[in-house]
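Two complexes follow with chain A in common, the first pairing it with chain B and the second with chain C.
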Partner chain A sequence: MTKTTIPIGPQHPLLKEPISLNIDISGEDVLGGSLRIGYVHRGIERLAQERTYVQNVHLIERICGICSHVHTTTYCYAVESLLGVEIPVRAQYIRALMCELERIHSHLLWFGILAKHVGLEMVFMHSWHNREIVLDIMEALSGGRVIHAANQIGGVRFDLDAEREAMVRNMLHKLEEQVGGVLDGIVHETSIRARTRGVAPITAEQIRQYCVVGPVARASGVDVDMRRDDPLPPYDRLDFNVITHQDGDAWARTMVRVEETRESLKLCEMILDQMPGGPVTTRVSRKVPAGETVVRSEAPRGEVFYYLRSVGSDHPARLKIRTPTLAALSLIPVQLSEIQVADIPVVLAGIDLCIACADR
Partner chain B sequence: MLEGLFYLLVFPGLGFQITCGLAFEWVDRKLLARFQRRVGPRWYQPLADLIKLFSKEDLLPTGASDSIATILPLVSLAAVLTAGLYIPMAGFTPFSFEGDLIVILFLMSVPTLAYYLAGMASVGIYSILGGARSLLQYFSYEVPLLLALSGPAILSGSWSVADIMASQAELGPFILYQPVGFGLAVAGLIGKLKRDPLDIPKATSEVVAGSLTEFTGTKLAFWHLVMDVQAVVGIFLLINLYFGVPAVYSPWLAVLIFVGEALLMTFVLSATSAVFARLRIDQLAGLGWRILVPLGLAQLLFVIFMGV
Partner chain C sequence: MNEETMLSKLKTVAGSEVVRLATVRNEVVFSIPVEKWVDVVSALVEDWGIYHLSAITLQQREESPEEIEVMYHFWHGLGVTFRLAVPVDRPELPSIIAIIPGADFYEREAAEMFGIVFKGREETPPLLLPDDWDQGPPLRRKETDD
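Take a look at the complex of A and B:
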């Protein structure tokens, strides 16, 4: 059959955020593809130089609509390390609790998208139904479902009293019960397995070559997790497993995320159990001493890297953000060969694209 | 003359079948919604959708033939409505003749061919992909479906749906004799209706809406009608071939049983579409030729040699 090019994006039912893929196909076989990004570039790094450190917390929260909290957390730790401030331990735990809730929320969203892409809308609906519970917990904690505004430089903006803690624990139990069913469904449903097993495998060498991080890397047997390798407090005091899988295919990526969701649920309980009392903020100066720093943290999609340089004013001189999706995007053209047209959604879903993060 | 017009336009023709089609769509959508923890649409939603589509602007891409795109859904609708005329409704059989099963199966294949042509005629790349997929799918499900449906015909010794149905009043429902054949027929029907998990030709995440991607307005409305009427004709055919209507004294009771059987079949179709992920086209071909066809042949041989 002759070679045809199908355009996927910038607008396509498959895509939730705009990227442009031109995929060469011959009949049902995919021959290769090219990728164009940059449709949601907002110049956030430049904007950050125009604003004060305090204003930047609000700006940075808006990088991503899913992992908004982990971005501000990383940014705040970066500013605090330049300030030489250690925030109260209770604030560290609250930050970590929100991070883990966000991971559960992101992974549940991802299961839904995978299920939708392989034509299993029931899992999509049930998974997103459970995601609502996570959003409710986050709303009960911070007042915001997606944009939480939880962080401020020097601590967090809310505290948990005993009543709200009990409420959060109740909701977590409810979530654990319900989510278990959905996760078991994903693991045992043969038609999901048939659609993902052996699809677009990525080797550990390719992962290292393209600097891919997060669940995609762990699914190919590359054991990286910033929560363990370069922990921000309080992850050095928490006990959790880093999930890896050896196969590297779309099925392995699914399994890694299923296990990570379970692990994060355990972590939430652990954080609530260990959380000490005390204040949640410290006073910090508005001007940041000159210097530069790098802070890394584990977002739901992998390592988030923040470089921050200060010249002693109340504006950052340079803020560089590296998000996990950008590296993963470079793997898409590699994966778009020796698959079928029907596998394209599975390949795109498997990476868990967050274009807003990547383009900024 | 007047009686003929009534048959054609009201019962069991146009009016009845379109009503059934819309009712089927509502029950199906409602069931699917409940499986997915949604509320689902009101009862008039399928009709409202149809009216809305009829009032929409009718567009086609440059280079697509308007006349072909208009004729295809109309021919398909005519074919499935005609097929519906020959199917006994709760024992009511005005047009039955020997061999009508074959005519029905032929007429029900017309929409698939039209769907393929619609994809090719509307020049879009997704349409062409969807059209090609629909033909590939046709070759995978049609053979097992025909093998399965010849089971009841051989068992009752007639190729007339009315006779097959009538013979079940004595012998009992054929689903008891041929459960495998019934399963194959349901799988074939799902393939024919392009429903999940065999919605490969119109998989949203892969080919947008398949052949119908470029269709809008009235033409799309007619395609939706074709899909709905095809579904009810398929369901009525299967319940006639495999369940029959037991000999009861009251015709109203027979109607009630018939409606119950149709709802049961709708439930089966909705549940299957809810719990399975879509197959890839190569997986479907493998399933069709490696599993369904041998099963169908085995079922057929069993029927022929055992005489039951």
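Take a look at the complex of A and C:
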């Protein structure tokens, strides 16, 4: 049968973000594929060099529309480490609470996308309905649903009083009740299993070769999580499990995210229980002493990497950002082979791409 | 593997020019001569099990704008950074994608943003910039940069 190349994107109803895919098929068999990104490249690394450290908090938050908070958290820790400042413990806990809420929101969004791709409209609806509760919690805390502006250099921008903490706990309980049903549904639903089991397996060796991180790596048995391996405070004081799976297929990637969502729900409760009183900000200088630093943290999609160098002025000399999706993207051409056309959405969804993150 | 062991192992592979520069936060930084880089990467991946490349950072420092500094940040339970330097007027580096296929996108980004020529790979197609970009590598130091 002859080879046909199907171009998808950069503008296509199937895609939520602009990426260009060229997929080679022969009948129902996928032979290979290539991809091109850069359609939402904003030159953030260069822009950051031309803005002050304080302005950059707002710029960095706009790298991603899903994991915006983890970017500013990582950036702020990098600046604070050059400043030699340790932020108040209460602020560390508030940052972590937002990070875990963001992980739940990101994973719930992903379950919805997967369900939509395999034709399970109901799971999509329930999953996104629950995501709304998470967004409501984040809005109640910070005032923002997607762009939270929770971080500032030296701490966080808001505090929780007793009334708001009780409200957040109530909302978390409601979320836990409802989301438990959706997660059980995903685990036991036979059609998700049928569409993902054995599809596009990635071996641990491939994960290592392509430097892939996060839930995709853990689903192939590579036990890595920056929250445990290079913890930013307060993760060194929190007790949680790093979820791994051995199968490496689309099903394993789903199961890892299901269990991670449950762990994050537990973590939210734990953070609220452990959170000490005290201030949430500390005063810092606008100019940052000369030096360089590297900070890694665990975004919903895996390791985020920041390199920051200062020459002693009020703006960075160099800011390098590597997002987890950029690491995972190089695996896609490898995955787009020995599958069927109907598996393409499951393969693409399985990686959980965030193109805006990759493009920066 | 602690810093001392790694330094002595690096010296056996890449000679006495290897220097431990600093420890920033919990990242150890070594300086490696460009001509020994492929040998070092092979040893890292095949012999020492250090395979995870987090990122490649490039920059031109204010004090030495005539060279491009290239940093390969690895992770093996601890962060380790290898720092290389290439002259701006001859920015050539050996490609490592034959050993670490995951370095492909990072090399492409380095090629378009700083104009690095990677030897040993066929081409470095644009990753983030438009296909018809003709204004030179955008992250290179400009005269207006202070």
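By our rule, the second predicted complex is superposed on the first by the 360 of 360 C-alpha atoms of A that agree within 3 Å, B and C clash if a C-alpha of one lies under 4 Å from a C-alpha of the other, contacts with A are read in each partner's own complex, and residues count from 1 in each chain.
Following the convention adopted for this analysis, contacts are C-beta pairs under 8 Å (C-beta built on N, C-alpha and C of every residue); 3 or more make two chains touch, one makes a residue touch a chain.
The structure displayed is predicted, hence computed values, not measured ones.
Asks: Between chain B and chain C, whom does A:342 touch in the aligned arrangement: first, second, both, or neither?
Replies: In the superposition, A:342 contacts chain B only.
Asks: State whether A:311 touches chain B only (first), chain C only (second), both chains, or neither.
Replies: second
Asks: When the two structures are overlaid on chain A, which partner does A:26 contact: first (chain B), second (chain C), both, or neither?
Replies: In the superposed model, A:26 contacts neither chain B nor chain C.
Asks: Who does A:11 touch here: chain B (first), chain C (second), both, or neither?
Replies: neither
Asks: Which holds for A:230: it touches chain B only (first), chain C only (second), both, or neither?
Replies: In the superposition, A:230 touches chain C alone.
Asks: Quick one: is A:81 in contact with chain B, with chain C, with both, or with neither? Answer first, second, both or neither.
Replies: So A:81 only meets chain C here.
Asks: Touch check for A:291: first (chain B), second (chain C), both, or neither?
Replies: second
Asks: Touch check for A:121: first (chain B), second (chain C), both, or neither?
Replies: It touches chain B, and chain C stays clear.
Asks: Once the two structures are superposed, pull the chain A residues common to the chain B and chain C interfaces.
Replies: none
Asks: Quick one: which bits of chain C touch chain A in the complex? Just the residue numbers, please.
Replies: Answer in residue numbers: 24-27, 51-55, 57, 59, 61-62, 71, 73, 75, 77, 79, 81, 100-106, 126-130, 138-139, 145-146.
Asks: Of all residues in chain B, which touch chain A in the complex?
Replies: Where chain B meets chain A, its residues are 32, 35-38, 125-126, 129, 132-133, 196-197, 199-200, 203-208, 274-283.
Asks: For the complex, which residues does chain A have touching chain C?
Replies: Those in contact with chain C are residues 37-38, 41, 43, 45-46, 49, 81, 208-212, 224, 229-230, 291-296, 303, 305, 307, 309, 311, 313, 317-318, 320, 322, 326-327, 329-330, 359-360.
Asks: Report the residues of chain A in contact with chain B in the complex, numbered from low to high.
Replies: It is residues 4, 6-7, 12-14, 27-28, 115-122, 124-126, 129, 189, 191-192, 194-195, 340-345 of chain A that touch chain B.
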